[in-house]
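Going in written order, the chains are labelled A, B, C and D, and every chain counts its residues from 1.
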Amino acid sequence: MIPNDVKITPELVAEHGLKPDEYQRILDLIGREPTLTELGIFSAMWNEHCSYKSSKKWLRTLPTTGPRVICGPGENAGVVDIGDGQAIIFKMESHNHPSYIEPYQGAATGVGGILRDVFTMGARPIAALNALRFGAPEHPRTRHTVSGVVAGVGGYGNSFGVPTIGGEVNFDESYNGNCLVNAFAAGLADADKIFYSQAKGVGLPIVYLGSKTGRDGIHGATMASAEFGADSEEKRPTVQIGDPFSEKLLLEACLELMASGAVIAIQDMGAAGLTCSAVEMGAKGDLGVELDLDKVPCREAGMTAYEMMLSESQERMLMVLDPKREKDAEAIFRKWGLDFAIIGWTTDDLRFRIKQHGQIMADLPIKELGDQAPEYDRPWVATPKPAALAPADVPAPNDLSEVLLKIVGSPDQCSRRWVWEQYDHLIQGNTAIGPGGDAAVIRVGHSGKALAFTLDVSPRYCAADPVEGGKQAVAECWRNLTAVGAEPLAITDNLNFGNPEKPDIMGQFVGCIQGIGEACRALDFPVVSGNVSLYNETNGKGILPTPAIGGVGLLPDMAKRATVSFKRAGEAIVVIGETKGHLGQSIYLRDVLARREGAPPPVDLAIERRNGDFVRAEIRAEGLTAVHDVSDGGLFLALAEMAMAGGIGAKIEAPGDLPLHAWAFGEDQARYVVTLPETMVKDLLARAAKAGVPAVRIGATAGHELTLDGCNPISLQRLKAAHEGWLPAYMAAAPAEAL
Amino acid sequence: MKSAVIVFPGSNRERDMLYALEKITGEKPLPVWHTETELPKVDLVVLPGGFSYGDYLRTGAIAARAAIMDDVRKKADQGVHVLGVCNGFQILCEAGLLPGVLVRNNHLKFVCKHVKLEVANASTDFTNKYNKGDVWRCPVAHGDGNYFTDAETLARIEGEGRVVFRYAEGTNPNGSLNDIAGIINDRGNVMGLMPHPENEIEPLNGGAEGRNLFESVLEAVA
Amino acid sequence: MKARIKVMLKNGVLDPQGKAIEGALGSLGFDGVASVRQGKLFEVELAEKDPSKARAALDEMSKKLLANTVIENYAIEFDEK
Amino acid sequence: MKARIKVMLKNGVLDPQGKAIEGALGSLGFDGVASVRQGKLFEVELAEKDPSKARAALDEMSKKLLANTVIENYAIEFDEK
């Protein structure tokens, strides 16, 4: 056992991830050498993951308010008004490093953490999504990581009982040593019954709820902020184990307790467990906190104060309770078989005081622990703007149909069915559109209302031009919500980047945030929550900048929703939005020509909005039979996806003013493919012209082949075999995750 | 029809079941907590889907020994209808109310998708609204749905027409023996099935043929 | 008192996990694996000090909960003192 | 040659299964169960006849597949001949 009064050496400081000047700041703040427990507390509170010291300056530039925003960033999750006295509460969070070390448990506890963030605020979770990024398929560790992460996401969410309805899966060598696991959760609550973490009132009991504390994940928060090196194997024992069963009990117990009116403030224990949660509750309420660690339910004997304060055991909560209701509260927790213990009190002296065995183990100024965390304005250099790729510089293939087959069966564009069939996407019985479409749609109550959810980002665009890439991620998210007929409400973001101490990486971060902010403002799409994950590097090599955007949209009348599948033969196919044949940074360029060049497609936010508003209005007027947005892989891939989903082919005539391959695979933004009865095309085009929205009829649905004028027809059967085949075949070579 | 839905720690499709029962029977079903020792007077007792006790040890094992299960056994003996769906089916097997056991899916992965179910016996109280040979779409969502029993028991339940539903058209999602998706006890009042008829009851679900199952019981007890 | 209970599937009972592991070992290049069966192992710590009483209790626990005797066999072992 | 591989969670690693079983034993009326930890047991039949080669192979298998060495320990035992 390490004594609390151990001499604090520079090595010890460094091991805690604190820089010498940061340590000096601690000495200045408290006027003495910290105890070991205190050093641990500072290291937890001041690491990148909890303090946002490199990112805060830039996060402040994001728009976070709007007429529907009830609570923006700063709480466990964002809260948005969806009418009828209801609110949707949502957030996204990364669990990248733990998932690389132990894919199953890392991903599982990531899901558990984000679910807790949502139900801590009083919401019953109704949807989960996950954005996953893995190394190159041929990298020896990729299969193992995919198999474990997917099983872990499913293992937790399925048992907990939330439908997992969407997300993203990508492969790229930049994630070889550092996968990304970004978990999103959303929950539903009454708008006037939201619970916050701010403690109120002096001398009130602080109650510990849930599972017992063990030595899990000590140093977890610090690990999540440290760059990976070859010694990452050494960090293994810090892995936390998830217990979805306990989490489900915790959910039911918390919701029951909240309904009883006994809860004054509540905070889940996530990163840096007891430390972060207690400090946050006190500091927000301008109160001190005193904890008696002898009262903390422990799983293991002989835990030190240091260990208890830094443990990241899962499925735990901290609450400030109305003292008159203590007995009722305890009865509820006992009924659900969970631990319940009063472990401390709020005080009026603004100190964070930790006692164990009658001794003071830590005594720190509570506000400063949070507010006085270092904040850096890190040097950054803007990513040089790439020159746009000249169309003449992108050779045409011999056979467009073969290229399409290759693309539909490629690692990044193939069907993700293998993944989402391992997720219970139907539980709760409200899934109106499940995984596989543009956005998933979940019914809300029985008034006809529904919510749409999607996660999006194209890291290759962000790498080429962070500002445009940031804009594009938000625009694509907005477009996906629009494509099902939803009004986009707000987003959460999960900003995954490399080492911010490198000016070029910091430049990527700054650029992406600029682009995200610009798009959010232009589209009235505020950021209500999010998470930053930095130091995603292995041996000095950073990941592609990956700011994942999670969007939520509202459908007032779920009956008027659109899906991607062709519905019947003989319908007209119309492209909304202008096709210019932009091939820079396209999938065609990368996956067929093996080139990563040029500028990504420019995003014109006014056009994005105009085209999207037009499509949404048409969906709501019930004028369209199928809708799909155009993104990776361009028009030809969008058409193929619609055909495969509906089991109906199409005959397409490309307008002759562009080289065919640019027309087919260009990734111009703000576009949608829609279908409708032929008799209604004229009116649609007239309405589009009136709204200033480019729209052009490009063909009709027909038969069981996809035929692009001048190319070989491709049977749906071949397309489907390629599309559905790749992932199962790839994963068949991996042993299934023994659960 | 009066019905009760037993809630175990870790049950998670009880709300789906409560909703379906109310929608179809027009009467609010009664949730019953696992520590109760007596069921209310009802016509149908349902053990819902989920991960009771986290599916730890064996699926359904710990729930099968819950306090309420003695009365479930008693009511079953008295002829009350008992339906176990997914985890409920696993619990009924562990409790000895149905023969056999549900083991890990043959591919070892959790699977959630729509399968085709063939009605193998349409003359039970749970299936009289179907026709024998009907094939309908229904979702599954489980990690342990692979029905197994010894050859003798298998021959017996097959011979007695106690296999009620089978996975059809090559949609067996778990390796289940003889494509078995649901079975019934010898008396015909206790049925278990892996698929989720409660999630296939209205247009939102893309199909509503799960209703027939509940409507069959409704008619049988009328 | 510390004891171990081993629970194995009876012969003839399908063992999907064991079979999958067999397959996986094969594809990992391990030859000559004739069969794999997966079972469970429980380490139980008991207050009871009397070995024969402890064994009786463990036997009860196994029958009532730890093993599904329709498909599984169990064996009780005590830690060598 | 027949061998057994025992896989148990490392000390200090949360064992939700063990915890749930402990609880269930308690409510079934078994008193004095201080703790339950659940592990896995693999019975492997090998063609290999040489014990030291067999052990080396089993060691590899355990590391590569049977045990998750991040959170689990394993031990190899041979059947007493």
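We take it that a contact is a pair of C-beta atoms (placed from the backbone, for glycine too) under 8 Å apart; a residue touches a chain by one contact, two chains touch by 3 or more.
Predicted model, so just to flag it, every value in this text is computed and none were measured.
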Chain separated most widely from chain A, comparing mean CA positions: C
Winner on C-beta contact pairs when B-C is weighed against B-D: B-C
Centroid spacing, where centroids are CA-atom means, of chain B and chain C in whole angstrom: 29
Chain A and chain C, separation of their C-alpha mean positions in angstrom: 41
Whole-Å gap separating chain C and chain D, where each centre is the average of the chain's CA atoms: 9
Centre-of-Cα separation between chain D and chain B, whole angstrom: 33
Per-residue overlap in chain C, given as positions that touch at least 2 other chains: 17, 20-21, 24, 28, 64-66
Interface hub residues of chain A, defined as touching at least two other chains: 243, 245-246, 337, 735-736, 738
Residues of chain B touching at least two other chains: 53-54, 56-57, 62, 65, 104, 107-108
Contact set on chain A toward chain B in their complex: 151, 154-155, 158-161, 243-246, 248-249, 336-337, 420-432, 443, 558, 736-739
For the chain D and chain A complex, residues of the former touching the latter: 10, 12-16, 19-20, 23, 65, 68, 70-71
In the complex with chain D, residue positions of chain A that touch it: 101-102, 104-105, 211, 214-216, 236-237, 239-241, 243, 245-246, 299-300, 313-314, 337, 735
Chain B to chain A touching residues, read off their complex: 9-10, 12-13, 15-16, 19-20, 50-51, 53-56, 104, 107-113, 139, 141, 143, 196, 198-199, 201, 204-205
Chain D residues within the chain C interface of the complex: 6-8, 18, 21, 24-25, 28, 30-48, 57, 60-61, 64-66
